[in-house]
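Next, two complexes with subunit A in common: one pairs it with subunit B, the other with subunit C.
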Partner chain A sequence: MMRLALLFCCLLAVVNPLRAELVIEITQGSDNPTAIAVVPFAWGEAGVAPEDLAQVVQDDLRRSGLFDPVARQDMLSRPSTEQEIFYRDWRATQTEYVTIGRVRLVDPQTLQVDFEVFDVLRQNRVLQGSETGPVSEARMIAHRVSDAVYAKLTGIPGAFATRLLYVSVTRVANDRDFYRLTLADSDGVRPIVLLESREPILAPSWSPDGREIAYVSFETTRPAIYRQELATGQREQLTNFTGLNGSPAWSPDGNSMAMVLSKDGSPDIYLMDLATKRLTRVTRHYAIDTEPTWMPDGKSLLFTSDRGGRPQIYRYDLTTGLTERVTYEGPYNARARVAQDGRNMVVVHQQSGQFHIALMDLQRNRLQILTSTALDESPSIAPNGSMILYATKSGDRGILAAVSADGGVKFRLPSREGDVREPAWSPYMGRP
Partner chain B sequence: MMRFDRALLGGALALSLVAPSAFSQDYIDLEAERARDAQYPDTSTSPSDPYGNRVPGSYPATSYGVNSAPAAPAGTPTSLASPQPVPVAGPESGGNLGALLMQVQQLQREVMTLNGQLEEQAHELRMLKEQSLERYLDLDRRLGAMAGGGTAGAAVAGAATGAAASTVPAASTGTSRPTSGAANVAEQPGEGEAYRAAYALVRSQQFDQAVSAFQQFLRDYPDGRYAPNAHYWLGELYLVITPQDLEASRQAFSLLLSQYPDNSKVPDALFKLGKVQFLKGNRDRSREYLDRLIRDYGSTNSPAVGLARDFLAENF
Partner chain C sequence: MKNLSVASKALTVLFAAAFLAACSGNKEKEQAEAEAAAQRAAEEAARQAAMEQQAAEEARIQQLQAAVDAAGNVLYFAFDSYTLSADATAALDTHIALLQTNDVKVRLEGHTDERGTREYNMALGERRANAVRDYMTINGIASYRIETVSYGEEQPAAYGSGESNWSQNRRVVIKYQ
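Right after this comes the complex of A and B.
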């Protein structure tokens, strides 16, 4: 049965590669973006390059909101080596940095990009690097180039060579809807449907090494938690308890998973040892305890509970067993996610009846509302902490949107069709 | 994940499959209660025990939101004098069990709300405590500054006028009095006279003699009540004698700073140290002292802070 379902998924993946593709619209950029030129990379082989890698890099940098790439028609020259750069040309167009690159095939299946970044004012090279990978992963190679350039020029590690998980829903009139669990690059391109079902799919989440995912599927008509390996598609049903089985959250060491079960009454947080499948009950309260998430040090869990009458974020310390309330501002704070630095937490925050994404500094206990749309939910933080992806409504459609951690940069990723919800930004991926 | 309330709904739905009677209604039905009150306006006079436990059978079962069975089996004796506890078992107690569960649920809701209020109030209290401590420290600083403010202010105001000869400012205003910054140290016999005698030399601009007098004063009363003042004046005097002795002045002010860190002259000494270091050509050290002064005493009304700001603005 399961194998059949799996086969079905694989088939769909082949058949529907372009379904629910996301398109990016930047709605608000940084006030003072850096002008950078990404000159089309030279192709060192016969024929045409399989992918315009410079375009990918340029789009990545633009999407970060911190860069203002020079349009190609405004480039006075298109150098691919240092000798061909005439700084005067670039100063004339007020370009601050120039990125050049050369692409070639190491062997028929392997692509190599050599890239360099030059400072126009100082007239020197600030970065030189090279990325290699299979031809089929050309876009990922380009994202890694973007990561290197971004890291060099901003001092923050890039998060372009990462991926997104999301659930898209296609409404079917007078029938059950189609749910698709989709994996895409961080720019929304190259979507792959991992699972298609007529029953709801919820709460996709990543293993800390980015090789596996977990999610809740109702395919057996009851909610159950599954884990699935991305490389092989192999999956395993982890829970099948009466009542709620939800919100899987992998521990930072990858050995256990926090989840919500209601098998013993009201929904509570449990930990499952993934090797032995043994369960430990974490919370024991007649209120609803849900949406667990780990602090990056793995020593405590944050969760949402209405034990105080209204949903707020609480922290459970795994060593002391003490629970303390974290959020006090506003009547509703739910679904926390914590940045890798362990300092910033994003939540869904209610203010005057509207749901926004808010960032809370856990050290100084300051809450800052980042979004201005009304029905924002399911925030997910990029592994470098720079952007927050969330689900919101545009008209009557569910779309994904992103906002920078300081609220300055915003863009939307509407789907070509259907509703998109529950985004989950991957951790840094190990190299393939 | 779904929004919390949806999750809640989902949870309640899932639970209702498990225990339909327990969780079919997880809210207090205000409408139903109002309707019931209207229907039975005499509820206040209906039999109930002093703790508000309703006597079974006195209301229709609908008051607990259970419509299936009467609350109490017919014929159950209900005594006004000794109200019965709600029976929890028995062939006909399904309705009562439902009522009990409903009550438990209402209690849970109430406890949760109270819990929330308690958490919020504990939080508020914590914040208030922090705030009041901060306010107290601020007040303490201000009071300390005020206690020595007269002298310090005048002295610095004069000093800031710059010229060597006029650096005897407090004297002319006549406000110079030993500061009470170290008021807990008792004045020793003869100390007051010795201090005033030395100070009189400052007033009459006999700076060299004043230096000797203050030095002698410190030898006689090293732990005296006015010792910090003596250090301060020595610091000032070393700047106005000819030749100027910057290093001796620096030492005098530093001594005041290290030995009497709570003295009300400290802000002034910091400003002076900033100036001395500036004169010695140590711009960085000078800046350090002035920044420290503004950082530590910026919220007080010490005139030295304003002088330091001006000095920084002019020279840095």
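Right after this comes the complex of A and C.
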């Protein structure tokens, strides 16, 4: 009863907007980053702006590795309108693009930012936009500005206005550890603890609309799969079978969930119809079949199996019922995740006894190792396919790290406390 | 006088009858007492025997418990393996002998080291717990008495990397409930 009470207390969201649990350290940027200035946005109201939106945008662009933002102290002027821009000032500091903006309150609860990007060399405006939202979501509004700027200058949609799920563990000497499931913005800021337990929490994953999550919790002293609505905190226990209850993976249409159950003997992949809770068995093999993930078209599932002796990735076609092996390179390839384009797949790949994150081009059947640390796991791809977030070890601490799909940009997100693991990057979120 | 003599004769007969009656009553009582004493002695002997047997059984269970304590409740495994080692089966045999003396339930918790993916390790931990369960059921422990659960790599016994830590984490823990 006490445990239950504690659990429900912890289900209430704990918001600490000023403190980020994760600190971002960029370890490797692109070879030729674009020099961009994000001038502090003008605040059109009395007093001080509730949030430094330009700083959020600047940090986003820097973290992508593709931009080298101009430091504020190096800005010779701080324009907020086109008329105030002196291109000569920006050429002097080798700035390629200048971003300016104006923030105001549409009503006491609603913030609006109007922003523009100028090409210093061509001396013209290349982007003009506006974003609106609740004052309480000021940082998310700034992330949407970053998305727009990034999309315009790189040709790839931005994925800054997204969120992360991760599991963190605080060790308790001579007692059971504390497990937390946390939701944060894509920059690690505004962490919200969704669930806290003395028993393991794992395998967090997103519904395709980003409104719900699923995870495995051992809070009943056995693993069970739960789904939880983010807006209301309402949750439902989906499984309670003997044996494994793991790897929940929402189908792209949101109607069913792939999962691993071992109730019939060995671990196999099953599909649960979320409306009727009816189960369909997908694989039927005495080997370990686990870690299901959907191809973006929803027509096939990738999973890990050791039916060939060692873990490799297989593909199950839901239409034909046929299974084919996907990976052949190296003795160990596991836990696949596929980018939205359906072409790039990331896996945990073993080489010389070390576990790295590798990216495989499913069209060319080419595998490229992206990371160099020894115990890398749980890769999760940004919805725009640009970055891969994964878990690794630094000393004996579990931390999150990210690498770009081409391997060129790397950053780490060490935690202020505890071990962090199992990142899950959200899909594009519906706008409020 | 004749009347007196008749009366005295009658009295004598009456006494004699009463004496006889008294004599026969004593005999029955003695017999019953003897029987009861014999029964008590037999009961006492049986109780002694039962106590001795119980003491012997307790000593045997204590011995089995001591063997279990010496063997420990953790069985270790090789990397990526769920095969029971000779050490593990020897330890398990002590647990099985103890389990056959009572009807307590056991929970078998399977664990792995940190290498490899988390969900694959969940499956590996389950295979380890199942290997122990299967060995127990083959050796006569009813399957309803055994619960298995895998924690994968989630609850290491030793933090940190390297074989010295990993070897402590590849394990099945036997918990009596």
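Note that the second predicted complex is superposed on the first by the 415 of 432 C-alpha atoms of A that agree within 3 Å, B and C clash if a C-alpha of one lies under 4 Å from a C-alpha of the other, contacts with A are read in each partner's own complex, and residues count from 1 in each chain.
Keep this in mind: a residue touches a chain if its C-beta (ideal position, glycine included) is under 8 Å from a C-beta of that chain, and two chains touch if they have at least 3 such contacts.
Please read these numbers as outputs of a predicted model, since none were measured by experiment.
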item: Touching partner for A:247 - first (subunit B), second (subunit C), both, neither; value: both
item: Contacts of A:177 with subunit B and subunit C, given as first, second, both or neither; value: second
item: Touched partner set for A:393, first subunit B, second subunit C, both or neither; value: second
item: Contacts of A:286 with subunit B and subunit C, given as first, second, both or neither; value: first
item: Partner chain(s) touched by A:221 [first = subunit B, second = subunit C, both, neither]; value: second
item: Partner chain(s) touched by A:203 [first = subunit B, second = subunit C, both, neither]; value: both
item: Which of subunit B and subunit C A:309 touches, first, second, both or neither; value: first
item: Touching partner for A:298 - first (subunit B), second (subunit C), both, neither; value: neither
item: Residues of subunit A at both interfaces, subunit B in one complex, subunit C in the other; value: 202-203, 223, 243-244, 246-247, 262, 267, 288, 290-291, 304, 306, 311, 332, 334-335, 348, 355, 377-378, 422
item: Subunit B to subunit A touching residues, read off their complex; value: 1-5, 7-8, 10-11, 14-15, 17-18, 108-109, 112-117, 119-120, 123
item: Touch list for subunit C against partner subunit A, complex; value: 114-120, 122-124, 126-127, 148-152, 154-155, 159-161
item: Contact set on subunit A toward subunit B in their complex; value: 202-203, 223, 242-244, 246-247, 262, 265-267, 286-288, 290-291, 304, 306-312, 325, 328, 332, 334-335, 348, 355, 377-378, 422
item: Contacting residues of subunit A [partner subunit C, same complex]; value: 171, 177, 200, 202-203, 218, 221-223, 243-244, 246-247, 260, 262, 267, 288, 290-291, 304, 306, 311, 332, 334-335, 348, 355, 374-375, 377-378, 393, 396, 421-422
